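Okay, structure first, notes after.
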Amino acid sequence: MTDSDAAPDLADDAMERFPIPDYEDLPEDLQERIAEETDRAGFTPNVFSALSYKPSHFRAFFDYHDALVEDTALEREEIEMIVVAVSGVNHCYYCNVAHGALVRIYADDPLLADQLVANYRTADINDTHRTMLDVAVKLTESPVEVEEEDLEALREAGFSEEALWDIASVTAFYNLSNRLAMFAGMRPNEEFHTLGR
Amino acid sequence: MTDSDAAPDLADDAMERFPIPDYEDLPEDLQERIAEETDRAGFTPNVFSALSYKPSHFRAFFDYHDALVEDTALEREEIEMIVVAVSGVNHCYYCNVAHGALVRIYADDPLLADQLVANYRTADINDTHRTMLDVAVKLTESPVEVEEEDLEALREAGFSEEALWDIASVTAFYNLSNRLAMFAGMRPNEEFHTLGR
Amino acid sequence: MTDSDAAPDLADDAMERFPIPDYEDLPEDLQERIAEETDRAGFTPNVFSALSYKPSHFRAFFDYHDALVEDTALEREEIEMIVVAVSGVNHCYYCNVAHGALVRIYADDPLLADQLVANYRTADINDTHRTMLDVAVKLTESPVEVEEEDLEALREAGFSEEALWDIASVTAFYNLSNRLAMFAGMRPNEEFHTLGR
Amino acid sequence: MTDSDAAPDLADDAMERFPIPDYEDLPEDLQERIAEETDRAGFTPNVFSALSYKPSHFRAFFDYHDALVEDTALEREEIEMIVVAVSGVNHCYYCNVAHGALVRIYADDPLLADQLVANYRTADINDTHRTMLDVAVKLTESPVEVEEEDLEALREAGFSEEALWDIASVTAFYNLSNRLAMFAGMRPNEEFHTLGR
Amino acid sequence: MTDSDAAPDLADDAMERFPIPDYEDLPEDLQERIAEETDRAGFTPNVFSALSYKPSHFRAFFDYHDALVEDTALEREEIEMIVVAVSGVNHCYYCNVAHGALVRIYADDPLLADQLVANYRTADINDTHRTMLDVAVKLTESPVEVEEEDLEALREAGFSEEALWDIASVTAFYNLSNRLAMFAGMRPNEEFHTLGR
Amino acid sequence: MTDSDAAPDLADDAMERFPIPDYEDLPEDLQERIAEETDRAGFTPNVFSALSYKPSHFRAFFDYHDALVEDTALEREEIEMIVVAVSGVNHCYYCNVAHGALVRIYADDPLLADQLVANYRTADINDTHRTMLDVAVKLTESPVEVEEEDLEALREAGFSEEALWDIASVTAFYNLSNRLAMFAGMRPNEEFHTLGR
């Protein structure tokens, strides 16, 4: 937890394999973004600390992230469901836990994250979301096999053309994100393990 | 090929599964970026036409791309080698061909792209680049198995800490890019098939 | 939660694909075992409700389980670590969550279960346990490749011959257990999601 | 072959990686069980010798086995077909050969075991058994993908609810058994290679 | 390119892992076959140089090849499409490039080879050829799953019984050829990279 | 068994998916080869009946086979060991059984075939043959990963350069043969199941 008057503190153990810079040494725009996020969450999510290692990538990563959650035909709950199902398949500890918390909060369901991490096929979700996750997981595990019929299944489930694009984009972005987090050894904040349970 | 006085023309068949907007209808910043790219290449690479479908994603995608190639401890030739090896493993037609052209150009080697698409292990590359591609392909195919010893191998091959981060970031980004291109059915421009041969 | 004076109540939703019998209709030995377990845990773990479907299998399953945890060269914490690492690899929702709670309790570590579910390679464990889980996961994913050198690695890590047998036996048993739970659609009690966090 | 007056002899080479105890040193209940089995088969199947290494596990293993073959909605021939198909997929030498003999005997078919070891899809079996083995092999290779529709297929093939449970239980148990046999290096008795041919 | 009066020259770098003999030292029948091929192509394809290492295998290999292309119910274009799709899946540099050239020439399509190397599912081919390649790739990647229904799909696509046999035979032969080329480190002639583009 | 005075009889059930011609209708060279083989074996191996479907392929297949067993640096026993290990991995019923008989005969070992079908790693073979089968199975399952170090391992195990080529060629040929047998539904003669046991 951070004291609201104090500068955010970037946890040294936010990732295992690269050093975490000091908040004070960051460019102003990164400081601002981190301060905002810290205010909102009550702590500094470790992905912000980790990506501070390289400011140009910090900006690119969060700008892409923000575009995905702000300009979208999907509900935020749907986005987080995709993230956790994809991360479960890729076995990413950071994203399982940090986005697991987000899925619990946005879907207002304390069990859904553990279900999606294990096997989205047996999660308590409706048929529309089942189809959405079928495609997201196929695009993750075997993109070479994705075909027009997968897009057609999404359309039949009621998704718009833009939603199809967004489902693919979120899936693709977390295939980036999982790999970066896993390579760098990012560690979720302890808070994420219990948030929304 | 485009006439230098004319506005760029976004090819209708740049991707198979989403519509391509008209150049004239794009936001000014996209028009500018596309015009520049078209001038440089002599044609409009289809990825620009395809991503115009959703301008907020266009910006995020190319900003991340630009960060990866502009603020990097890697040679551009190394970046393109990673892209083609990753895309070969993921079986992405668009990236095999478009970045295959770039690898031929940046590495000044007409054969290297076909080698990397097939099997980076038998490509004509030095030991340093072999280690680089070992890690990039492992992070692509089996991120769950990437460990400290993989980073150590890169260090022993002479890469700096920042270069390690950059190798992972390029790999991660093209795991995004491949999936987006494959989902959308992006098609490389004919020009890419022969450039640099 | 059960009232200590009342008979245990077998949850109807303990598994999705087979009916749960009434506690009152169970053979006396099953009633006794369930009552004991319910007293100990404060609720009836759903695996007991689920296996009540077929009493002869209930007895066989829990007798094997009891032999594994009672006559063993391993610490209980080690057994539960194996269970969660194996279940994470097999993607078993029931065992991830129910044994995740046990690993938190026996290892007195609120984070370890989420780490093991995701990727035992990046969990906060010592080298001895790393070797133990390397073999358990290999025996789960690719038993055909297990060889003398895997047993040798366990010996070098300090495990006795009996411990080697026990590591394999726990791994093998949860390859049974995961499959039975997944086929039957067993659901962990809500309590397990938060126990020990 | 054993002399009917003599005590059974536990073969030293029944498994490669753990020592085999002397029959005389075993607890009485194990001696009895082994004597019975030896009388019935005319030799002591090596799995009995191997599991004697740890008597509590011997009891648990054979009690579970006995429950599976004695309290079942399946024909014994069906059980052995599942065992051999599962063991073929897991590449377990002991179970391929020992249960191969049992499948030849119970199905009264000298060719069936070799067919099931290779590929159950091309074995001479009826459609009902084909469906049964489809599910058993899927539950073995990819339990995460088993869904309600797999159970439905079994029902449509004519299996009762209890038979569904039993098919899953036999499959699950031999996923235990294969892994234990493979880890311990169990070797089938020579007699099994030719029995029933 | 070879001078038509000169003897063919077997390139020393036609394969990396075995020595290439001198043309003059080859048995007369090999010399004749190589001279013919060199006349036809304008250069000596490296597979001829490589297989000269063992004349009895040279004869067997090319006799089988010739039977496949001369006594067939398939168009030559179809044969080359199978070869490139199979080689793409097996990641064979030699066959991707050398037969990529042939597919460009026989199908009179400069883009088709790069499409087939990447992913036959997104290549510009008709439904008949799509079915043909579905079966060829399945027989390559997972022969254990090929069943009567795969042959039926080919029949429904209009292929004769003999064509079915031929599709399987070409697929099977290039599973041989890919493995031999990959083991020996065969390298395509530079000419193949650009032929037919 | 055939009567030595009678013409060989090609079994109608030699393969499931293509018709078997009459012996009398075959070209003379096929008749001769089949008659010889039938004399030698005492029955007509079904692969001869099956390949009679297309005489040009019959000739090519057996000429290649003959080159592999007649002009070789390997012992015939070694060739058959490779064939059975490869066929076990590919799950080919015909080759497991027919070449299983040959391995029993040539290695004079009644157990070896069942061991190799299951898992060559646990077969009773010396270190030299273990290395030989490591490479053969790797070249079968994952040719893309075969590298110079695999050839080096064979050299260190004592194999000559020509033996390396021959190991790869036998492996490659049975990757052809397995696929053809599996596609056509070839069935081993009953005699093969017991020969050499």
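The chains carry the letters A, B, C, D, E and F, assigned in the order they are written, with residues numbered from 1 in each.
In the analysis below, a contact is a pair of C-beta atoms (placed from the backbone, for glycine too) under 8 Å apart; a residue touches a chain by one contact, two chains touch by 3 or more.
Predicted model, so just to flag it, every value in this text is computed and none were measured.
Participant: Chains in contact with chain A and with chain C: which ones?
Facilitator: Of all the chains present, those in contact with both chain A and chain C are B, D.
Participant: Could you tell me the least number of steps, going only between chains that touch, from chain B to chain F?
Facilitator: The least step count works out to 1.
Participant: Among the other chains, which touch chain A and chain E together?
Facilitator: Touching chain A and chain E alike, sorted by label: B, D.
Participant: Could you pull out the chain whose C-alpha mean position is farthest off from that of chain A?
Facilitator: That would be chain F.
Participant: What chain lies farthest away from chain C once each centre is taken as the mean of the Cα atoms?
Facilitator: Following the centroid criterion, the farthest chain would be E.
Participant: Can you give the rotation angle that fits chain E onto its twin chain F by Cα atoms, in degrees and rounded to the nearest 5?
Facilitator: That rotation is 180 degrees, given to the nearest 5.
Participant: Between chain D and chain E, tell me the centre distance in angstrom, where each centre is the average of that chain's C-alpha atoms.
Facilitator: Roughly 45 Å, centre to centre.
Participant: On a C-alpha centroid basis, what's the spacing between chain D and chain F, in Å?
Facilitator: Chain centres of chain D and chain F, defined by C-alpha means, are spaced 29 Å apart.
Participant: Measuring centre to centre with CA averages, how many angstrom lie between chain C and chain E?
Facilitator: About 52 Å separates the centre of chain C from that of chain E.
Participant: In chain E, what residues contact two or more other chains?
Facilitator: Residues 91-92, 119, 144, 182, 185.
Participant: Give every touching pair of chains, nothing left out.
Facilitator: A-B, A-C, A-D, A-E, B-C, B-E, B-F, C-D, C-F, D-E, D-F, E-F
Participant: Show me the residue ranges of chain B that touch chain C in the complex, using the header's touch definition.
Facilitator: Contacts found on chain B: 144-145, 147.
Participant: Residues of chain B touching chain F in their complex?
Facilitator: These residues of chain B touch chain F: 119, 121.
Participant: Going by the contact rule at the top, pick out the chain D residues touching chain F in the complex.
Facilitator: These residues of chain D touch chain F: 16, 88, 91-93, 96-97, 110-111, 114-115, 117-119, 122, 182, 185, 188, 190, 193-194, 197.
Participant: Could you pull out which chain B residues touch chain A in their complex?
Facilitator: Contact set of chain B toward chain A: 17-18, 53-54, 56-57, 59-61, 63-64, 66-68, 70-71, 90-92, 139-140, 143-144, 146, 148, 151, 161-162, 164-165, 168-169, 171-173, 175-180, 182-185.
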